[in-house]
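Paired with chain B in one complex and with chain C in the other, chain A is shared by the two complexes that follow.
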Partner chain A sequence: MENPDPREPEVKGLLAAILVAGPVLVGLVYSLLGSFSVVGPGATGFSLRHIQVVLADSTTWWGTLWTVWIALASTTLATVFAMGTAVALRGERGVDRFARLAAVMPLAVPHVVAGLGALLVLSQSGLLARLAFAANLQTSPSDMPVLTQDRYGIGLILALTWKELPFLALIAFSVIARRGPALEETARSLGAGALRTFRAATLPVLWRGLLPSSIAVFTFVAGNYEVAALLAPSSPLALPLLTMERYTDSALGVRGEAFVLVLLAMLVSLCGVAAHEWTANKVETGE
Partner chain B sequence: MWRGDPSINDYVDRWVAPRLLRDYGITLRTIDGQGPAIVNQLVVERDARARGSADLVWINGETFNNLRKEALLYGPWAHRLPAAKYVDSLSPIVMRDFEQPTNGFESPWGRVQFTLIYDSLRVPAPPRTIAELGRWIRANPGRFTHDQQFTGTTFLKSVLYAENGGARSFAGGFSEKRYTEGSERLWAWLEGVRPYFWRRGETYPASVADLHRLFANGEVDFTMSYNENEVITKVRQGVLPRTSRALVLRDGSIANAHFLGIPYNARNPAGAMVVANFLLSAAAQLEKLRPEVWADGTVLDVRKLPPELKVRFGAIDTDPRGIPRDTLRRYEVSEVAAEYTERIASDWKTRIRANPR
Partner chain C sequence: MKRTRALPRVGLAVALAIGAILPLAFLVVLSVSAEWFYPALLPGQWTSANWNFLGRGSAVIFSSLGTSAALALSAGFASSIAGLFAGREIARLQGWRRRFAVALAFLPVAVPPLALSIGLQYSLLRSGMGGRFIGVLFAHIVPALGYTTLFFAGIFAVFDWRVEDEARSLGANRFDVLRRVTLPLLRRPLVEAFALGFLVSCAQVPLTLLIGQGLVNTLPLELMSYVSAGQDHLAATAGVILTIPPLALLIVAGLAVRRLRVVIA
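Take a look at the complex of A and B:
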């Protein structure tokens, strides 16, 4: 059927963009006004007080750095494991198909359940500790290495890696399936060994295909509240936890600081997107 | 209302709601939300000039203080309730909310008292004062901590009172000078015992529910509650070990009441008043007090009630885990101005939590 109005697709596109971006823009404007104490709980009229307090507070910066560390570590681990899984399970045998299905099953597990599961397994009175106790390897909960609410966020990183892996693996499976074996067969026919083929043919394809999804995972993980609430320590306090704490502080005058923290979290996510654009650009220009 | 306790939810959903529908034709729908979230919601509704999403809110302390400051409560109305005639009007704990007169802007619902909870098997001779607790913590490294929310802050206030000669030192409104001097002793006490806390005081359980979990799993030997009877309900639910017991600190055990308020933009304030009146009735207060229901203290003066009701209050099944009424009364102390709570909560975060050593 012929399109009666050539401008119609543009209008539809614009509408879709507004629908997607609208709520974010409204949130952004409200957060900006909240940061300047114009709206929101405890607002006192235009003031830079909230911004000054948040930026001068070392808790903010430790929390931000810690959150970036958690997001980077879990995204990197999940990406590497997703690549490994995709390469290992690329075959067409029934067992490979089944393994691929099994690998993406945790996709259906909610984040909060993943967090609770990690707590039940890894905490000092968790399943591992109980097994160690039963095997006479330890006598009290404090003998168990600290893996939850720990300074380096090991339990949190493990939980997030486990939870994000299936999503990235799903993307990696489709990247490999789309590209097919032709490129690698060519490399091998030109005399490349298995390692060389992987490095020169498989890895770049997987990497380029996975990058946008990894960036999405990074921004999601950096803003995730519920898993951090279960597994993160109280110091340094992860950015999402700090934001929520300020927003529900018993002192009304402090709640406006949450808006500044929201904008800071947005900046972290934007850095992730900028990193993607920069890398994608480098890949395209062949640097 | 706060929906974090199944026994409270059951009382409201299965006992209160059907009776409101049967007797008054009122359909009670509960919405999750507590304290700061209620204030934020009402501020946003005011900014948006929206009609209210709640007709009745469960509040106290700094939430009441904030809602009054922001003029987000409807009223006065509470003194007009017929059931208010039996309220324990001589009790400063029921008539004032963190020292602030309620002035008819909220109606009392229940009263509770702060207790420590311990396992009588693991700690047969528990400490009874803050000084004894300090010695116990040093002698048992890694076996004590407190949470980062309301209950933990109440524990810190107990230390503040004990280290400064009692709650009376802070009565009569907020004073910056008294706070600064008094809180220095609190921080000194904490710095002294913190190295012996769970995880050396480098991290703290997020909520009292997390602390209960650590206690039930044997990671720590104490938990705490801002309801003297929570030990009874939580043991019945199987959350806490059967050998759990509660104790009041002899330096003073902080008590307060919780209340019901009506938002300024409530759609049905008259219906809300009927509900508040029903919740204040002797029948509803009696049911709420039962250990197998919620075990929440009554705000009524039982002596004022007609004889047959007085008997029923007296006949409530007492649980051996409960603390005798006269012990509770002997050591009870009121809350002081809400600003003390706010300052302790915020200074603890910057002075103690953010500086693990």
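Take a look at the complex of A and C:
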């Protein structure tokens, strides 16, 4: 809605936003100075040493790539499942309502509990392995594929998909309820069949509506620490774990490297914020 | 459009229900079992020992639960009130200023908690709040405030400002408008924002870890240390306890996140 009072000082709104973001901005400046060894544990005065060490270390790049892979895979899976669920369960029958409720239930589960659940269900002696044994599919825990702390992060991806699906499904349900029927009706009245209506009307509406939220999920997942701490392998080390390892290192000189890693993580997040704002604006203006 | 057949829909509903409930049910069963070795599908022995802390206030799990609850309640309260005012002011902006302000408010939500922790640690340690409840509370409020500000920016984006104008034209001052008009109208969003702040605080791990410096022990940290120590039964108990308040709050608040779509979508 338009602001009815144009004389209201706009500075108050900007000030409020700066106050909300203030601690993050202060942290950003501190991390920036820490990267140049100006402040923080083991600071020795202006130097590029921390930056050079971190950027030359292959662990940094493998960790970053691995983190991006995990975030990309889990966000994609959650987005696809959310879209499929929203399309399949759009009705108003009891079974649809029940299924929608079931889809959003894990929303209430904290990430650390989701990580614990995945660990206990997917480990080689976990619930899945027990069910496989009961179904005569395996005879010992070693028959179960390694799904936790595994190199490809399968367990981590499954846990994050399980945790992020409810949020995206909730958005998808809302998008399809608000914007789907009118466009589909138009497509049908123009002679489009079921498949064509889905491809030309339903899918684009869902995609545009979900994209900002999917980017938000990607950003969040890329920076998540606790689920990675429970399910990620020690090599390659996920970016949040690598940062924590460096920041708590007993050698003070190494701790400065954590600031560079923080800036790297913030860069990923800022890209996410920019992409989020850009896509949200596109969706808002209907471009 | 061709109607989806009933059977696959029922199958999908059952799969979603199993997927949502099974991991949590496994945690519940694990929390009341004494021995449960592979490949048994059900525990060999049942026990209430993991829950005995409820009757003994001295247990570690009990004190960490108290700290978590106090942090979440305080962070929920503070962030919902501050978010109301911040979101209101941001919603009154227009054009690029509004987009810029929303992007700023999005920062505490988007920046990884670990990066936030490392950035905040310096100022909180310098101010003597490191390793103390108040420092961890302040740290929890930072991301919670980001969420509640965005939430209220969404609420006020569709707020009918004429109601306030009407009250002012009838002689109400700014405080009266807030107390008698705005707050009563926003009672439900305030409860939802409180729930949101509560949930954000409940979920914090790296912030508590680094700002609390091991001196402020919350339930998520306790859960992680149980996992490290291989105490799966206690970890499961902590997991169940951690899930109850968010589940209850979300039900009571009528799924607070539903309103988030105003901003995010």
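Keep this in mind: the second predicted complex is superposed on the first by the 254 of 287 C-alpha atoms of A that agree within 3 Å, B and C clash if a C-alpha of one lies under 4 Å from a C-alpha of the other, contacts with A are read in each partner's own complex, and residues count from 1 in each chain.
The criterion applied here is as follows: contacts are C-beta pairs under 8 Å (C-beta built on N, C-alpha and C of every residue); 3 or more make two chains touch, one makes a residue touch a chain.
Source: prediction; values computed, not measured.
Q: After aligning the two structures on chain A, examine chain B and chain C and state clash or fit.
A: In the arrangement built by aligning on chain A, the partners chain C and chain B clash.
Q: In the overlay, answer first, second, both or neither for which of chain B and chain C A:Leu252 touches.
A: first
Q: Touching A:Arg199, do we find chain B (first), chain C (second), both, or neither?
A: A:Arg199 contacts neither chain B nor chain C.
Q: Pick one for A:Arg151: touches chain B only (first), chain C only (second), both, or neither.
A: After superposition on chain A, A:Arg151 lies in contact with chain B alone.
Q: Looking at chain A, does chain C or chain B touch more of its residues?
A: Of chain B and chain C, C contacts more residues of chain A.
Q: Taking the superposition as given, does A:Val39 touch the first partner, chain B, the second, chain C, both, or neither?
A: Both: A:Val39 reaches chain B and chain C.
Q: Go through the superposed model and pick first if A:Gly13 touches only chain B, second if only chain C, both, or neither.
A: After superposing on A, A:Gly13 lies in contact with chain C but is clear of chain B.
Q: Tell me the contact category for A:Ser58 with respect to chain B and chain C: first, second, both or neither.
A: Touch status of A:Ser58: first partner only.
Q: Which holds for A:Pro141: it touches chain B only (first), chain C only (second), both, or neither?
A: Both partners.
Q: Quick check on the superposed pair: does A:Ser213 touch chain B, chain C, both, or neither? Answer first, second, both or neither.
A: In the superposition, A:Ser213 contacts chain C only.
Q: Scan A:Lys282 for contacts with chain B and chain C and give back first, second, both or neither.
A: Touch partners of A:Lys282: none, neither chain B nor chain C.
Q: Where on chain A do the contacts with chain B and the contacts with chain C coincide?
A: Correct list for chain A: 39-40, 125, 141, 229, 247.
Q: What residues of chain B sit close enough to touch chain A in their complex?
A: Against chain A, the touching part of chain B is residues 35-37, 39-40, 43-44, 47, 62-63, 66, 69-70, 142, 148, 199, 202-204, 206, 214, 217-219, 338, 341-342, 345-346, 349-350, 353-356.
Q: Quick one: in the complex, what on chain A touches chain B?
A: Residue positions touching the partner: 39-43, 58-59, 62, 123-125, 141-142, 146, 149-151, 229, 233-235, 237, 245, 247-252, 254-255.
Q: Quick check: in the complex, which residue numbers of chain A touch chain C?
A: Chain A residues touching chain C: 1-5, 8, 10, 12-21, 23-28, 30-31, 39-40, 85, 88-89, 91, 95-96, 98-99, 102-114, 116-121, 125, 127, 129-131, 133-134, 141, 162, 167, 170-171, 174-175, 184, 188, 194, 197-198, 209-210, 212-213, 216, 219-220, 222-226, 229-230, 240, 243-244, 247, 258-259, 262, 265-266, 269-270, 272-273, 276-277, 280-281, 283.
Q: Can you name the residues of chain C that touch chain A in the complex?
A: Against chain A, the touching part of chain C is residues 1-2, 4, 6, 8-10, 12-13, 16-17, 19-24, 26-27, 30, 37-41, 85-86, 89-94, 97-116, 118-120, 122-123, 142, 145-146, 149, 157-162, 165, 199, 202-203, 205-206, 210, 220, 223-224, 227, 232, 235-236, 239, 242-243, 246-247, 249-250, 255, 257-258, 261, 264-265.
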